[in-house]
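The letters A, B and C name the chains in turn, as written, and every chain counts its residues from 1.
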């Protein structure tokens, strides 16, 4: 289950990296570079922080091959797609959900601490996209008005809570994945937000979520 | 002493991260993210470089709790503060001073080399703020006209020199902290600079510092 | 041979970092910072990914001394040079070639996988420059129209192929260095490109290289 999630995360994030390269009109090697950076970036940071080195794609080079194939497919098909940015955003949502569970699972296994599991889940899920936007000089997903980091945190939190409740691993993974994807999907489709900082915030995050 | 400095560094840098989030009008989770990235970013890089993994906050999740609490406090109080950017800059100065000593102490302990101690001190002190500015798309502290990196380097250097002179650990720490804070504080308050590169620099750094 | 390449990479990348600092009119410490970040940045990421910690410059502080000396020389001489940006680009090309071989050699030794060798070669060669441009807020080399990442990949590939063919180490190194420098040099001097993504790419990369 975790291996499936990891490959799913790599493929969809690699595709978003390649789509960013297509928006910048780079060459094929540029597509490969952005696909690889985005596909394995979050997981690389996670492995470094947890001290699991060499990082996962050095131990298992198939992940790199997956990024290369994804980049090539996108290079030769992206021009067929009218709604490229929308596709990028939705693939990013799937990758975010997959990686929030993966990151939390590995963080929990390595540290035993639910706090750390939620941090590594959130970091793994968001850092690939952050890196992609930073290097492609695109507006950062971090600063978008709708729910993004929150979805990753909620997914990691749901997984960690389900594990603590003794659910089997596939159920916890499905719970985390579902929560993250539902929140981020709602944010994309319906513009869900939680209250942002203003001079007088006055309300709290839970109220606003219920009101929608 | 070092533990106090590390927590002090985490708290003040976390507060600057949360203040950056408030300037970008992010939601509470955005505050948490920026507080955590800025609070533990410099120390994380230091631990990775020195090979001390898992990094400090995975070994001691209390650091993350400190970032979370700091972010929540800032989220609900920042609107009361008129001079938010000035506060950010001063807190950043305290964090810079604390982390320049921390980074130098850990670098010296791990490598035995004063050169490495000065590098890890400077990196630890500056990288949290650099990361914050990069991800918040704010003008980088690195490129500001006044003394910044120099204060971190001077603090790390003062600590390393005091250690080499055989002073007790608390005295070396105080020396490093004081030197860094004095230099950076003078830069903030009085605009202290050292000569910048121009077509014909002609003068050296020491002259200009004396002249002020 | 590898040690020579590593020092050559550090010196030329450090010089490009210092030249970027001169374009931003920073002070001497700013020159040191950018020289060090650019000089050892790519190799630091390589060592972290391969799990070879503490990273190379902590084990061998002479690399830092080399960056410091380079930065000081550039600080006092850069104003004599009219064609500073052109020099930066050419030094960057030499560093790219040296590091693509270094990164591939260490990646191959650590993992035994040619795929990984090509990835670490490309990453080591490009990340110092990427970091420099990101922190100096300059247009990223990644997004330049001409061949850049491709030259690093080709150099790493040539080295890996030559090693696989059983050539002695100095010959493989020379092959990789030569291929990377020739490609990047051609890109700088004659504007060589490979086809970039367009709505209908239609041609492949090899055709375009032959046509030039």
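Heads up, the rule we're going with is that contacts are C-beta pairs under 8 Å (C-beta built on N, C-alpha and C of every residue); 3 or more make two chains touch, one makes a residue touch a chain.
Going by UniProt, the chains are A, B, C = Membrane protein YeiH.
Not measured: the values here are computed from a predicted model.
Taken as a graph of touching chains, this assembly is complete, with every chain in contact with every other.
To fit its Cα atoms onto subunit C (Membrane protein YeiH), subunit A (Membrane protein YeiH) must turn through 120 degrees, a value rounded to the nearest 5. Between subunit A (Membrane protein YeiH) and subunit B (Membrane protein YeiH), the centres computed from C-alpha atoms are 29 Å apart.
In subunit C (Membrane protein YeiH), the residues touching two or more other chains are 48, 53, 134.
The touching residues of subunit C (Membrane protein YeiH), counted against subunit A (Membrane protein YeiH) in their complex, run 48-51, 53, 107, 110-111, 113, 115-116, 119, 122, 126, 130, 134, 140, 142-143, 147, 149-150, 153, 193-201, 205.
Within the complex formed with subunit B (Membrane protein YeiH), the residues of subunit C (Membrane protein YeiH) that make contact are 21-22, 24-33, 36, 44, 48, 53-55, 57-58, 61, 64-65, 75-76, 78-79, 134-137.
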